[in-house]
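These notes concern the structure reproduced below.
Per-chain residue numbering starts at 1, and chain names A, B, C, D and E are given in the order in which the chains are listed.
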Amino acid sequence: MKKSVAKRIRRSQVAKIGAAPGTLVHVGEVMTKTPVVSLIEYSVDSLEERTVAADTLSKYSQPAGKKLWLNVHGLQDVQLIADIGQRFKLHPLVLEDILNTDQRPKVDSYGDYLYIVARCFHCDKTNNTFGSEQISLILGKDFVLTFQERPTGSFEPVRERLRHGRVHIREAGSDYLAYALLDVIVDRYFIALEQIGDDCEALEEILLSKPTTGLLHEIHRLKRESMLLRHSVWPLREVLNTLIRNDQNFFEIGTLLFMRDVYDHTVHFIESLEAIRDMLAGMLDIYLSSISNRVNMEVRALTVVAMLFMPATLVAGIFGMNFHEMPLLADKDGFWWTIGTMASIAIVMGLIFWRREWLSRQ
Amino acid sequence: MKKSVAKRIRRSQVAKIGAAPGTLVHVGEVMTKTPVVSLIEYSVDSLEERTVAADTLSKYSQPAGKKLWLNVHGLQDVQLIADIGQRFKLHPLVLEDILNTDQRPKVDSYGDYLYIVARCFHCDKTNNTFGSEQISLILGKDFVLTFQERPTGSFEPVRERLRHGRVHIREAGSDYLAYALLDVIVDRYFIALEQIGDDCEALEEILLSKPTTGLLHEIHRLKRESMLLRHSVWPLREVLNTLIRNDQNFFEIGTLLFMRDVYDHTVHFIESLEAIRDMLAGMLDIYLSSISNRVNMEVRALTVVAMLFMPATLVAGIFGMNFHEMPLLADKDGFWWTIGTMASIAIVMGLIFWRREWLSRQ
Amino acid sequence: MKKSVAKRIRRSQVAKIGAAPGTLVHVGEVMTKTPVVSLIEYSVDSLEERTVAADTLSKYSQPAGKKLWLNVHGLQDVQLIADIGQRFKLHPLVLEDILNTDQRPKVDSYGDYLYIVARCFHCDKTNNTFGSEQISLILGKDFVLTFQERPTGSFEPVRERLRHGRVHIREAGSDYLAYALLDVIVDRYFIALEQIGDDCEALEEILLSKPTTGLLHEIHRLKRESMLLRHSVWPLREVLNTLIRNDQNFFEIGTLLFMRDVYDHTVHFIESLEAIRDMLAGMLDIYLSSISNRVNMEVRALTVVAMLFMPATLVAGIFGMNFHEMPLLADKDGFWWTIGTMASIAIVMGLIFWRREWLSRQ
Amino acid sequence: MKKSVAKRIRRSQVAKIGAAPGTLVHVGEVMTKTPVVSLIEYSVDSLEERTVAADTLSKYSQPAGKKLWLNVHGLQDVQLIADIGQRFKLHPLVLEDILNTDQRPKVDSYGDYLYIVARCFHCDKTNNTFGSEQISLILGKDFVLTFQERPTGSFEPVRERLRHGRVHIREAGSDYLAYALLDVIVDRYFIALEQIGDDCEALEEILLSKPTTGLLHEIHRLKRESMLLRHSVWPLREVLNTLIRNDQNFFEIGTLLFMRDVYDHTVHFIESLEAIRDMLAGMLDIYLSSISNRVNMEVRALTVVAMLFMPATLVAGIFGMNFHEMPLLADKDGFWWTIGTMASIAIVMGLIFWRREWLSRQ
Amino acid sequence: MKKSVAKRIRRSQVAKIGAAPGTLVHVGEVMTKTPVVSLIEYSVDSLEERTVAADTLSKYSQPAGKKLWLNVHGLQDVQLIADIGQRFKLHPLVLEDILNTDQRPKVDSYGDYLYIVARCFHCDKTNNTFGSEQISLILGKDFVLTFQERPTGSFEPVRERLRHGRVHIREAGSDYLAYALLDVIVDRYFIALEQIGDDCEALEEILLSKPTTGLLHEIHRLKRESMLLRHSVWPLREVLNTLIRNDQNFFEIGTLLFMRDVYDHTVHFIESLEAIRDMLAGMLDIYLSSISNRVNMEVRALTVVAMLFMPATLVAGIFGMNFHEMPLLADKDGFWWTIGTMASIAIVMGLIFWRREWLSRQ
């Protein structure tokens, strides 16, 4: 799963080499059967929510005094995107970027509207999938457009809040809706972070009690997942910073306070992530040292055991010599005395080594 | 203990996913039975100190010409915080942040007041606990509000100074009180630092004299504790730097000199902490090298001892051969000459190895 | 191949030591037989494309209202470059830099025109060649000059778009042509990146399943190739950043939007490259640990096997002693009992070691 | 010695927790019996130098047209410092910092005067002491105050230059005196640096010829000493940079040229120090690799020697077998032939291994 | 050689401790017999070149309309430097820095002239010397002064260009001459770089084919040499950057274009140097891993060979036992069967190990 993500990021660029800029090609995987266009028109005291057929979009006109939120799931229908682009007067480069679903988070200003790219993470422990998908958000004067590859349910809480009237979200402008959407995206990052953190701590416990060679791959996996998160959140932080500077007055002062809050969350997120990365680096050190030490100590224990046999073997060799005159040989209990001596030496040496803890493997 | 801190930081974020911003939920652990609201009204020549019941707060009015310090221990009573918020006209985001007790240190300006988040460290060697808790501080024109999860006693020295009139703290404005509170928070950091430093030096002494495998976990523990400190103090430094710039004139010139002093302390603290971290990194290197070398040298010593048996065993084998004509066999003292030769070779080899220091384990 | 690239970078500088600045010397390898000068004159509704003989260039005059793109393959003819320099009033340092084909990417402004140096990567898996060559681009008010050492075909897509009229490229100024050329150069970087990435992932698969010592050189090779890419793209990013700032108004506002897109691509490229470099560093760690562990474990396995022989050898020694009275010797089945005991001990020990997994090499 | 320095830095902060800012407590070690206050009044054509009793200071008045340099050795007399503070109108925080002798170098401006903290290093090879002490310098309009814990003799050269009239130092203002004092402090750093550098080079020579395990602690010691130096010089560089910017016109243009020179020296110092640290890091690598390799090669050599006995032991075993018919046994010289064969095999093997250099330990 | 360079850098500072600033002391090694002062007066159409006696310098007056280049080899004559200083009104600190020949590269502005310090590298493969010496360059309105410790011949190409009139260098001002001199200094760096690069590549080839322990010292040496280069070029880059900013108009616009070119060369140089340092770091990794692996594999091979003797030794032991009834003993070919069995087991085991590649040392 992870690999294909990394691969897609590169391949999407290669697929379009030589094409004129603005050529619309969908480069992501197709994940939904048919694109779904859902539309919410709302004002302080009313809200209408409906699904729109793709071909009626070009004739759609926004009611006066109402704010609009248009959300698209599924991007394989290039014509649909082109229609929306025409209807809302979007620049060809924006349409191209919406379809090229492996962008890094960024914000571009096109005078009348802002084009914001973010990535939404999902991680499913049962299927062991971990990945992200692009969410394009266009913030105009009284509309917000969002584009995703498949329904993730991440925007559902915002929709709920919209439906329950009389909350701030209905009164405020479309800038506040954009904030609310970015807020839930950032919130979902923390779920991914928590899972990585939990895996990390479980791993550490195993590592400190009973390190096995398999842990290396686990540590490696967590490093890659945290790296993926990092590559998404760092540019997002810049995006939010740019939005807070609010050079083009897309946001009202009141909303900016909230945006600053989301920004604080990403900073907090990055710090927690760095802490996890530090922890992983530390774990790798402990792992490498533990494994190498364990094997070394096992070799030492084996060498110690081999030592125990040496005196006995030498004694046996000595009494196997063919000298005509040797002590003990004729003695009736000579054999047993000798065996006893062999055993005693081995036991005494064993005790000495045991006290020096050279037989333990820790 | 440390783990739960790390976990809480993440979980607090996850617990609130999808909630509208400004929804008041207390996410920390409940540490006090009932919240305690203590209130100090003071001016140059008078000071009144009392505990206030939660339900009378909404009707409270600040006497003219007096400065106010209101301190709350225990944050589980969401209604109380909401009342205070209403009384002092605090922004919903501030109330939310007060209750969400895993913030990173920050300062936010809300026009009429500053909202400052700091973390206060406690470390108890007997229980071996080490952790931090959030302290929220709100600095208004003539009032200071502080919020903690439990009474730590850290503010007691400031209270003492207030009670003993005629010191600068009674004359100066509430900005000086805010400075005094930040000052004692930063001072407590040095206690934590000193304990880590002492542990560090004790560990180093052991490490240089007799390294054991258990030290790895100790080093690891100290690294994590110093990392926790670092994650609290770095943003605090930024907070203090922002306060010193004093863009919104919350501080008088005279107080700024003192704030600069606190700032110097945090810079000093960070440098000492970095020195400890360098020391820990160096200790890890020495540890890994020492352990690995010790085992290697033990294996060498064992191999050397094994070498001592080899010539004797060969000699025994030679005289155990069944040749019809062999020298010495018929000799009366042949056996003893042979044993003597075996012993001599082993002793000579032993001396050679001993002089080369191959038998030592250092 | 790589080596010679690194060497050339240095040697080119050495070759010219002491020469007056502006002395024209060609320092790259000669890769084409004769230089080819191809010339495209275009406006919205016409396009003329032709190859020009070197000696007619000095008399060439650009038709009014037409934009010009002059491309040169092969730089060994110093006179040709000097002629072009005279015709377009280029500064001697520019001519010198065009011929000195080991520059790092840069942009220099000379008042009337911009001089841009970029590097174009080619990687051929079949010949296993990987390298880059310099592309000099001069952007004037209504002309673009490009200089390469050999025809790489990288500019062909742009030429195609020019030929098919009525696209934006014919209407826009020569700044847009410069953008289009930089765009295809950056796009080609992704091909090189993809190949390195593919090699990386193939290598990782082998590494995790069956590490061999040869992998070290492969990792080393990929590290060097990614380093080469990095040394070309980092300065190019700066170049693009400088162009976007557009201090001297060489670009129209519309084109700047597209330039920003190219800039985003290089940022994206650098991040992907850093991810690959991180991956390579991680692979090196795993490799070193795997190889070292494998050998250690093999030594352990061998030691274990040696252990199995020890008790049997001791027993044989014991019954080889020459005591007059020894048990079992006279027993009819004594020999076989002894052999059986030897075998049993070895088998029991083998089972114990096997259960402890000391015989495995993982 | 070093440890106590590190400890003091932390402890000084802890000792004062909860005290009101400005409370005067001396936290360093007492190093002189009684404080000595020496006073120099000078102008172009006159100089008076005398020691002042502590209790007469409050009544001291500076002669008009004369510049003053007041130097204090020994800081245990808190009252003395308080008197000086009152006499020269110093801020309580300055007095506190003078007594708290573990500050990091800094410069604070208090309107009428600058407060500069620097550290002076002393290293005594015979006693093997290495440490630093705080020097507080206050630069006013026509006076310079300096505070040290004990007489180090570092200021003696400046005093000498003052005594020998008609040099620039007598004509220039007190800013030039401050420069001269900072200059000698920085110069003394180079003595410490040189000693570390000499130790470093001596160590390297030993390391390359005959590495022993004791070197690790030496390298560690030098690393710590260079770290101590670094922690003092980095902030001093900032201090000098601040002084050169001369925002408050404490320095005349002419003196600034000299200050820039001191600044250059600290930059140079830092670079030399970094080079030494690089060297130390490289030495640690070589050390670790050398020690580990040496032990490994010794084990190899031992294993090789063990190999030499194996064929001989086998041959002895073979001729010890009890077969009724065996060759050579009855032969008269059989024994000697066998012994000869044993020796030959061992010699041939020994030669082979010797040629492969497996017996060397390098 | 290198060591003495490092040592001199520090010692020069120590030698002057306590001296008043501006005291002229020559601290470098004396490398020429007598100082040589060569003088070139030039204008567009004339050039006069002569050597001047030291004592006539004070009476020297520059012809009007002529530019002057005065070059001094050998700095031991302090009086000579003082005379030149007086003649050209140089600040005492400049004279001091000229004589203190271990400065780091810097540029200082003294109003009427610029004082530039650079270092010139020489590396002589036959004598295996590698070092640098200081070149002081003073650029005034119509004169350039240069000071070196010995004639290196590096300025010869510039002299040649001056002699051959009618080139730009004669027409341009003295700023262009300063550029030309800095240019040849930077060019010489590339010779040093090339030699290090060549050594590096030769080393790498040996490393990959047949690593020996001696390579460690070679890698170490190259690291130190590249570090020396780095410490000279980094500050030089800053110097050139400062000159390009041209805050005080010492350079004409036309010359600035050329200066930018030199600046580009240093940037290029630094990047190539960093690439070499990366390569060296990578080589160190491969070296350490190779050496450690080689020894480990040799130990494995020895252990494998030891294994081959074990079964044979056991069999010999078994047939050496003194049981009254043992099979084969009475058999006529029993001995040979046994020997054959021993050999077969050894050969089969040998084959198995050989197929597992445990006997190879790679």
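One rule holds in what follows: contacts are C-beta pairs under 8 Å (C-beta built on N, C-alpha and C of every residue); 3 or more make two chains touch, one makes a residue touch a chain.
None of these values were measured; they are calculated from a predicted model.
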Intersection of contact partners for subunit A and subunit D: B
Rounded Å distance, subunit B centre to subunit E centre (Cα mean): 44
CA centroid of subunit A to CA centroid of subunit C, Å: 27
Sequence positions of subunit E contacting 2 or more other chains: 292, 296, 299, 303, 306, 313, 317, 320-322, 326
Pairwise touch network: line, ring, star, complete, or other: ring
Order of the ring members, counted from subunit B so that subunit D is second: B, D, E, C, A
In the complex with subunit D, residue positions of subunit B that touch it: 156-157, 160-161, 167-169, 183-184, 187-188, 190-191, 193-194, 197, 201, 208, 257-258, 260-261, 264-265, 267-269, 271-272, 275, 278-279, 282, 285-286, 289, 292-293, 296-297, 299-300, 303-304, 306-307, 310-311, 313-314, 317-318, 320-327, 358, 362
Contact footprint of subunit E on subunit C as seen in their complex: 3, 6-7, 9-11, 13-14, 16-22, 91, 93, 103-104, 106, 108, 110, 213, 216-217, 220, 223-224, 227, 231, 284, 288, 291-292, 295-296, 298-299, 302-303, 305-306, 309, 312-313, 316-317, 319-322, 326, 328-332, 334-335, 338-339, 342
